[in-house]
Each structure stands twice: as structure tokens, then as C-alpha cells.
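Chain nomenclature is as follows: A, B, C and D, assigned in order of appearance, with residue numbering initiated at 1 for each chain independently.
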Amino acid sequence: VSDPVNLHDFCARARDTLGESACAYLDGGASDEITLRENEAAFQRRRLRPRVLRDVTDIDTTTRLLGAAVAMPIGVAPTAYNALFHPDAEPAVARAAAHRDVMYVASTNSSCSMETIAKAEGPRWFQLYAQEDDAVTGALIRRAEAAGYGALVVTVDTAAPARRERDTRLSDSDTRAAQGNAAPGQWLEAAAPFLTWELIGRVRDSTSLPLVLKGIMTGEDAALAVEHGAAAVWVSNHGGRQLDRAPATLEVLEEVVAAVGGGAEVYVDGGVRRGADAIIAVALGARAVFVGRPVLYALACGGEQGVRDALRILDEELRNAMALLGVRSVGDISRECVV
Amino acid sequence: VSDPVNLHDFCARARDTLGESACAYLDGGASDEITLRENEAAFQRRRLRPRVLRDVTDIDTTTRLLGAAVAMPIGVAPTAYNALFHPDAEPAVARAAAHRDVMYVASTNSSCSMETIAKAEGPRWFQLYAQEDDAVTGALIRRAEAAGYGALVVTVDTAAPARRERDTRLSDSDTRAAQGNAAPGQWLEAAAPFLTWELIGRVRDSTSLPLVLKGIMTGEDAALAVEHGAAAVWVSNHGGRQLDRAPATLEVLEEVVAAVGGGAEVYVDGGVRRGADAIIAVALGARAVFVGRPVLYALACGGEQGVRDALRILDEELRNAMALLGVRSVGDISRECVV
Amino acid sequence: VSDPVNLHDFCARARDTLGESACAYLDGGASDEITLRENEAAFQRRRLRPRVLRDVTDIDTTTRLLGAAVAMPIGVAPTAYNALFHPDAEPAVARAAAHRDVMYVASTNSSCSMETIAKAEGPRWFQLYAQEDDAVTGALIRRAEAAGYGALVVTVDTAAPARRERDTRLSDSDTRAAQGNAAPGQWLEAAAPFLTWELIGRVRDSTSLPLVLKGIMTGEDAALAVEHGAAAVWVSNHGGRQLDRAPATLEVLEEVVAAVGGGAEVYVDGGVRRGADAIIAVALGARAVFVGRPVLYALACGGEQGVRDALRILDEELRNAMALLGVRSVGDISRECVV
Amino acid sequence: VSDPVNLHDFCARARDTLGESACAYLDGGASDEITLRENEAAFQRRRLRPRVLRDVTDIDTTTRLLGAAVAMPIGVAPTAYNALFHPDAEPAVARAAAHRDVMYVASTNSSCSMETIAKAEGPRWFQLYAQEDDAVTGALIRRAEAAGYGALVVTVDTAAPARRERDTRLSDSDTRAAQGNAAPGQWLEAAAPFLTWELIGRVRDSTSLPLVLKGIMTGEDAALAVEHGAAAVWVSNHGGRQLDRAPATLEVLEEVVAAVGGGAEVYVDGGVRRGADAIIAVALGARAVFVGRPVLYALACGGEQGVRDALRILDEELRNAMALLGVRSVGDISRECVV
């Protein structure tokens, strides 16, 4: 078996390594998994318009996310319970991200504490499941501030528990026990029917960290996010893991970008598998894309080195596609690049 | 084998239980089964637009159908010969529906009498194959009134016998014999080339029960239905079992809703397999959806308990999707929810 | 094995009976067979709009084709070398057509003489491959007139020999030998690069029979046909057997109907497999459809009785679909019937 | 096994002959091979509008490419390392092309020298990978002029090395070694991030040969090409071998033709497999199409005779489709021929 040459390879190899329930948890989406499949398909339907005869000797993939310098407009999305996939868990992923200078977003429900993760010392944000009790949420925010996390990414698309049928079929008690063991750092209930714009306002007022709202899928909510002081809007359907039949994230990106109107940065996750996907999203107005599942497949395959390899491949693909597209820097990627 | 987690599971399990001809009768549609397949596909093509940060702690799925309070906008469609699938037949289905407070529509060609079915004491309507002889029809209507059925659902899409080729191939004499045995309560010929708006008018004038016309597929006929005093228009292509090449019901729903213009309630059946399907239909103007085949698969799997489980799953899916969509009540579901 | 219930059944059964090269000749189309497949697919994409509550006790499928009364708007298309498929050949097909009072079109390259075929005494037209030498063509026309054929159907889409690769692969010398033996009645070269509107004019002037031009696929040529005195325009791509990449016939029907503007009757063949297909074509402006391959499959299966069965099934399907569509006669089928 | 009847046949047969890595190199495209597949699919989606009753006894397929008379608007695209596929390599292909009087484009990275190839004495152009050092490029141009090449085809879509994963998986060191051995005539690095319009200007000024820019995929670049003195614009995505997600070439042809506005000839390659494909491209404004992979499959199958056969089949298909389409000459092929 040769080395992985693309992100799909990590997925195929991880399947040989992981147990059935870890695979089900990682691969699966909600209900019929229509949204899960559509996320990838939406990227594959788009076409890039290559421009030629521009000097692309030097390709600059760097960008800034809420002011933080990163090596490329591709970051690591927050994912829970990484110890399910490799004993080195989140710290390995965070170190790989730091090594490549890409944004890492630590999940509330990580398998180890956010302080341990922060030791990687790379660009980092903290994903927060805001709770009804401000004190609980506040304590977590204080820890995030102290650990050097540069923004709070509040997940807003978990108003109800997910219906992931693959997990249910595999007597998910096993998985949940494993997850319980795997999250000693901190753990908060994700399902939050009580979450409101008012509560988001309280979070915003409780910290000087910029606020990112993750899970916005409509122009209406994007406009409300800006109105409520969000520094960034993160287009996400939770990787097809919450509401099945939600549109592919790429399909709503332009609607969100238009509604935001420059009032906040826009990110997108879901279905990103290639460097070219990042270009497509940036061309449609995103400031960055985030990658979730592929990073965990890479973690399962080779720990920190696996994730380093995955991020290197994304970087190589991105540079290659930018050169063939005739764009020298992220700022050169415009709407005209995409059909 | 774990418990069924969705309605497809009942179908898969029922296939192990049922004989070949019962399966053919239940699964099959007319001719090439294009309409049969399109019914489901039309729902799966639609996308839901999730709104976030609305308090969805309390989800209210209740609604009223022609004034009758029901637990959710999903009812049990009329289906014939239930004894083909389980010895407890229609009464088991009716009891399960009553247990969950959902509308049950008893078929003329039930395997036992409408009076027996009515003992379930839930919200119930009676489906009628109107006959040329008013006396025959009238006698049935009197019985339905006496047995507490709250509306007459007159089927209008059976002007000719169905051409279901799966049945024909399996020497359908067997099936028909079984059906004959299975329908001791009452039985009327479904094929009714003589049925006209004038005859519908006679039915309407013969009872104080509200009239539902089931099998409307065009705006023109929907407008005529209102004009002729129908209290509700039921969009149906008989589950793809009558005219193959008819459109998917969901594809014509908006045309029908526009033509009705608020003058009657609108229902739809055909292809409903998920709670989310009900939301899609309601968003496009339906007051409720009805489910046929999946209920019979559930009946075949586990009698009354099977149907209870199926209805519980639909309820759970509906609540989950409403919460993730940011709608608290059926009345909150609007056109903006659906792409 | 039960009796055939639809036209596809004849095809499946004929494959068991026929030799490989007869199958290749009958099944195949030109080049990649894109047009062959599209012909059927185009019909299957269309949807019918059923109207309800109209008295359809009496369904009248009769129509007139160039004045000739026929039992339904579905006729038998001309096909060559029927002896390849059954020893009773064209006379058996013609007798079956006469038995059901449907239009039969005899091919120039029949396996027996047009006079023998005419003994069936049903409604009949003669398909003509017009030749460069007017004397040859004229002699054939005189025979057709004498044998009671009611129209000349001149094929105009064979300017070059077909490139049917299935035949070529099977050492088509065998097939051609068989075809040579099979066509003792008359035989004329189909490929006619020399054919022009001027030559068509000479044919028209040489007979009092009405002229049908078969193989028109554009509005421009349809208008020219009317201008040159054609009584009918027959939309055909030769069953996908001549120019691959030609559109499905149904896809160009409306363009042709519009160009003809009532100045001639319009027929269509290619992909008709169901009674409903005839309704779709008539709704879009055709006066009739013609069926080729399925008739030969039926001939292969059961000789005259096989073709009678196929025509009976088409009649039953047509009546059934008309009833379920709410149309009592062919004249009632209008543009509103089809989406 | 019968003789090949179409270009796909050569591909199927070559797979039996070639080793795994030669197959991977020839068959493969970049990344997910989306663009590779789309190139063929785009041609197959188009439909031709056949016109009838025009005298097509004499079909003239000849045309002129930058003034050079050729037998048909289908040429041989430049391809590298032909010795990987057959020991007779490029000279065999060039002789076959000369035999049929079609344009042959010799690759810079041929397995033997351009002077050897030129001995075939047919219509020929030279494909050039322009280098940073004008002296290197200039020396090659002088040789091309001396060897009678009629135009310089400068490839402009290789700003970065290709990411062809099939090759990478097969330890491409083997392939590259073979390629090194296979290219004794001349060899230049294809990847050229430094290539600019300015450098193209220097090439143009250094020779009296007309300049063709190969690898243009946008109207913007096509307009720039004309502005910079290109005699022809060649629409190409390098056979799906450079930027995956680039559109199918046929999909951008009309945009390029419009931008060129008659100021240069336009060619297209990628996905051409049938004579009808050439007609489609010409109808949309191309002056010619070029064929790459199929020629190499044919070379692998039968050396010079294999390529002769492939070109003969294309010629036969082209003549056949022109006749059935009712066009006598290449100049008769117009926009109305294609849907």
C-alpha cells in the first residue's frame, strides 16, 4: 500500500483500523443521510475557470481569520471524542495543525482538557455548547480565555438531539460509554432547545473574545447574527448530522454571504475534501473552509503524522489548483473563478 | 436485529414475513411504477431551511382536521384488506391510531366491519367507494354516521380498474380469493367509470358529514371540488396504483393549494416516509399528510404494537425536525421553511 | 411463465427464441445507441394530469388517419424482413392489425410481396424507398395502388447506410444473406443520398395516393413537407437506427406540430411501449403513434396471435389510461393532459 | 474478435496489451477525474438536428487549418512518450496521419526527434513547451521551422505539475524512467509557472510561424490571445489531466468562440470519440477538433495500421453523420445543426 495521495485514502484506510461503532459514529449522518451526501456532491458539481499565462511562481496561500494569521484558508473543524479514533486524540490533531499553522477549533466535548490541547500553541479557537446556566458557560469561557483561544465558536444547530440511525442500530450505549470515558477535559450537553438570540447576547457580553456562530444556514439568520454582534458566521449543517434534508452548505453560501454584506467573516464546512473545494468556497465569498471527518480519518490512520500528512496534501492541492487557476494569492480568488 | 428505527425498517422486515403475493399487492404500483417511485423521490428532492436560536423547548405537533383535534398532521390513509397482512387487521391499526390520537381513515373494503373498527374510539373518517345505486351508498353512509365517523372520504381516482402487473403475474386469483375472505365487513366495487360531479353532489346532499374528495391531482379539479361543496381536497394518485405517469403528489400540491385558495383543507398522501415529509407538505400548504403502505408494513411486523411503533417514530421524527427547523407549532411551518 | 402483461414481456421472451444476430438486428441502434435509449426515456419523463369525476363508461379510441377509420391512434410501423423473426412474417402481422382494425404500414423490404400482405384486408399504407429511377419507383406505386394501399409513406431519413455496430460485430454477412432470402416480394436499396424535395415532388405527381413523409425531425423540414404537398409528416429517427445523437422523437414533436400548423397530419414513432405513450403524443399534437420493435417481438413470440395480443394490450392500456385521465374520446385528449 | 468498429474498441483492446502503468498514464486524469469524465459526457449530451431531402451524394469533409489543406476537421493532438505504447512510436502515428491527410501535432516530449517525425511529410504542427530561457525555446523553434512544421502550438495550461493519482499510486518512478528513455528527440519541462503573456509575445516575435495557444478555457483569455497575436485558440483542459473541476471543453467552446469574434481560428480537444463529435464542435464554432487518447490506444493495438484504422473510422463516421444531417461540406455545418 502506497502513502495516501488524497483525503479519501485516509477514509478508506481508517475503516480497516476502526471498530464498527467508531466508523458508524464518524461516517454517519442523520436519517436518510441525504444532506450528508449532498454536502460533497455540491462541491463536485461546481466548475473552476482556469486563467492562463499569469506568473504563478510564487503562490501565497496565507490569510487572516478574525485577525489571526494562518497558512491557508482551510482549518480544522471542531469534533468531539477524538480518543475514539486514536489514543493521542485532540492534542495530536492540535499539534499537527500548529505545525502547519492552520486554525484549529477545539470542541467543548473533547477527550481531554482545552488546556492540554492549547499546549500545541497554534492558532486556536474554542467551540462552545452554551448552557442554560450562565455560570457553567462562563466558567468555560474564562478557561478558554486563559488558555489563549482567540475566538468562541458557538454551535447553534443542535436544538434537538441528532437522529443518527447507524449509531442507534449499533446499540449506541457502547459508543456513549466510550464517549463518556473519552471526554475527561470537559463535557456539556449539546442538545439545547433553550438556545436563543438573547442567550447568545449574554455570551457575547460576557467576554471580549470575538463570537463566531456555527450552524447558520439561511440569509435571515446570517443577518440576525451580524445584528447580534457576531464577528463571523459559520455556514454548517453539522456535517449532515443534525437535520437531514437541510441543503448542502455550499448551496446556501451565496445567500449567507449576501445577507452578511461584509458585516462579518463567513466560513463554511461540510463536504470539503480537496484543495479545490476551498477555492470554490472562497470564490463564492467564504473567508475559509473547515474540515472535520477527513482529519479524524487521518488521525485514526497515523496520529499526529497522519493529520500532518492530510494537511500537507490539502496545502499541496490548494497551491496546485491556485497555480492552474492563475491566482497567486487568496485575495485573487474571485467570483469569476467559479461557474 | 435491533428495533426498527425508521419506517423503511418495517418494510424490510415485513418482506420476510409476508408471502409473495401479499408483498406484490402491497409494494406494487401500476404499469411501470414510475409514479410509485416518483412519490417518494419528490419528497427527497426538497430541502428544508433550518432557522436557529429560537426557543423550541416545547414543541406542539397538534392540529385540527375538519375540526377534529389530532396529535399530529400525519394520519393513517385508508387501505383495503388488512387481514392479508396480519390477523388483527384494521382494528389493530385503528387502536394504534387511537392510542396516539391520530386520524384513522377506514376503507370501504376493510377486512372487518366499520362498526368493529370504530370500537377503537379514536378520531376517524370513513373512506367511501360511491356506487351508482344511491341506496347502496346511502346505507353505508348511514352506518358510518352511526358509528361515529367524522367525515366521508370519497375516492375519485378509480374510474377504471388498476393495472398492477405484479399482481397479474402472480395469478391474482389467489390474491383476490384472499381479499374476498378478508372483507366480511362490507365490500364495494372500487372501479367506478360512472362517477361524476353530479353523483358527488348527491352524496353531499345525503349526509351532514363533511365531504373529502380523495384523488384530486389538478388545480382545475380542486377548484371544482370546492365549488361542489367539498370540505377538503385530498391530493393522491392512489399511491401510484392507478394511473402510472401521473405526477408525484408533492409536485402538484402547490397547484392544488393555489386553486383551493383557502376554500377547503388540503391533504396529501403518497411517498410520506419521514416526519420531515410532513413538514415539507405542510410548508407547501397541506393541512396534513396520510401514510398508507408503511402502516401496513408495521402491521405485518407487529400487529397493533408495530403500528404504534411506526406512529411513535413518525412523531419523534416530526418533533425532532420541527425543533431543528426552529418551528414550535404546526402553525409556524410556512412556505419559507422549504426550498 | 404467465401470459405477457405488457409489451416489455414480448421483448424478454423473444430474446429466448431468436438467434443472436436476429436479436442484434432488432434490438440495436446506430453507434452509441444514445438516440435509441432517449426515444423511450423521453416518453417516460412526461407526466399525465388526471381529471376526475367525468363519466367514462364509454371510451371511444377510434380515430381517422388520412380519412381511414381505425380502432385507435396506434398503428404498426413499417419494418423490414419479418421472416427473420417468424415464418409467418408480414402477413401474420397484417392479419393481426386487420383483426384489430389498426393501421398497418407495409415495408418496401418486406419478406413477401405487398399483394400477399394486402390479403389481410385491413387499413393499410405502403412504405416506399423512392429510387433514382422513376420507373422503378413508379412500378411499385402502381402495385401499391392496385393492392389497395391508402397512402404512400416515403422514408426520408436514409440518406446514408446505417452504422449499427451490433450487426457489424456479428459478421453481418450472415444477417444480410438471411435478409436477402427473406425479401422475395420486392426489395429496394434504402440508402438514398440522391433523395431531394424535387424527387419527392415527382413521386407526389405520379399518384393520387396521399403522401406521408417519414423521418422528419425539424420544424424547418416539416414546413417544407407541407409546402411540397405532404398529407402527413411522420416524426421519426428510424428508431434510433440511423443518426445517433438525433433527439428523441417526442422531444421534437411540438416543434414539428407548430411548424405544420394544421396543414398536415403528424405522426410519431420511436419509444412507444405503452398505451399512455399514445396519449402523451396525441396531447402534444400527434394524430397517431406507430409501434415497430414491440410488434416484431410479439411476432417472434407467437406469430399472428402474438401480435394480436400485443395490440390488445395496447388497446387495454389506452382505454385504461383514457378512463383514469378522464377523457372519453381521442378528440378529448388536449395539451392540458400532459405536463 | 472482429475488427474494431469504433474508437472505444481500440481502448478496450489496448488494455489487454499495455502494462498497468502505461494504462494508468494514458487513461488517467487529475484528482477525482471529474473533468476527464465530463469531457466525453458533454459531447454525449448534445443532440443533432437532421435535415432531410438534400442531395448528399458527394460529401466533402476537407477544410483548411491556418491555410493548410486537410482531409477533415479532425486532427491528431500532441501526446508525449508514444514509445510507451508501441515501439514504432510517433513516426507511426505521423505516417498514419499523413496517409489520411490529417493534421498531426508533434509533442515537444516525443519519444523521437521532430526531424524523424517530419519524415512522414504530412500536414504538421509542432507543440512547444516554452521555457524561461529564450535560447532553449528558440533553438527548438528553429528546428521546427527547418523540419517543415507549419505552426507552433504553445501549451499554456501547465503552470503546475499535474496531480494524476493513478500514476502516483503506481510508484511513478517506473513510468518516469520509461518516459526518460522514451524521449531522446528532445525533452523540456512541461510545468511552467513562469509563463506569461509577455513570454508568449517573445515567442511570437521570434518566428514567422503562426502561433496557436493550447489550453484556453475562458472567453477572457481567448480575447487576450487574439490581442497578443495568436492565429488560433485551442480550447483544452489537457484531457482532464491538469486542473480537475475545469469545465468540459465543449461547455466553454461557445464562450471562447464569441470572445474570439472571428479574430482567430478555434480548435477543441477533450472527449472527442465519434465523427459526430466533430460536427457538434464545428456547429458551435470550432474549426477543428483534435483527438489524443484514442490515437494512442490505436497505436498500442496495431502501430501505424491501428492509427490508420482509427482515422478511417472517424472519417467514415463523419461522412455518415454529415449525410444523415443533410450537410454536404464542412462549411454547411451551422449552429442550427445542434440543439
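The criterion applied here is as follows: a residue touches a chain if its C-beta (ideal position, glycine included) is under 8 Å from a C-beta of that chain, and two chains touch if they have at least 3 such contacts.
From a predicted model like this one, the values you see are computed outputs, not experimental measurements.
Counting the residue numbers that touch the partner chain, chain A and chain B have less than half of them in common. When chain centres are defined as mean Cα coordinates, C lies farthest from chain A.
Distance from the chain B centre to the chain D centre is 60 Å, each centre being the mean of its Cα atoms.
Averaging C-alpha coordinates per chain places the centre of chain B 42 Å away from that of chain C. Chain contacts in this assembly form a single closed ring in which each chain touches exactly two others. All chain pairs in contact, by the document's touch criterion: A-B, A-D, B-C, C-D.
Considering their complex, residues 2, 5-6, 44, 46-57, 274, 276, 280, 316-317, 319-321, 323-326, 336, 339 of chain B touch chain A. Interface residues of chain A facing chain B in the complex, by the touch rule stated above, are 31-32, 34, 156-157, 159-161, 163, 165, 168-169, 171, 193-197, 199-200, 213, 215-218, 220-221, 224, 237, 242-247, 251.
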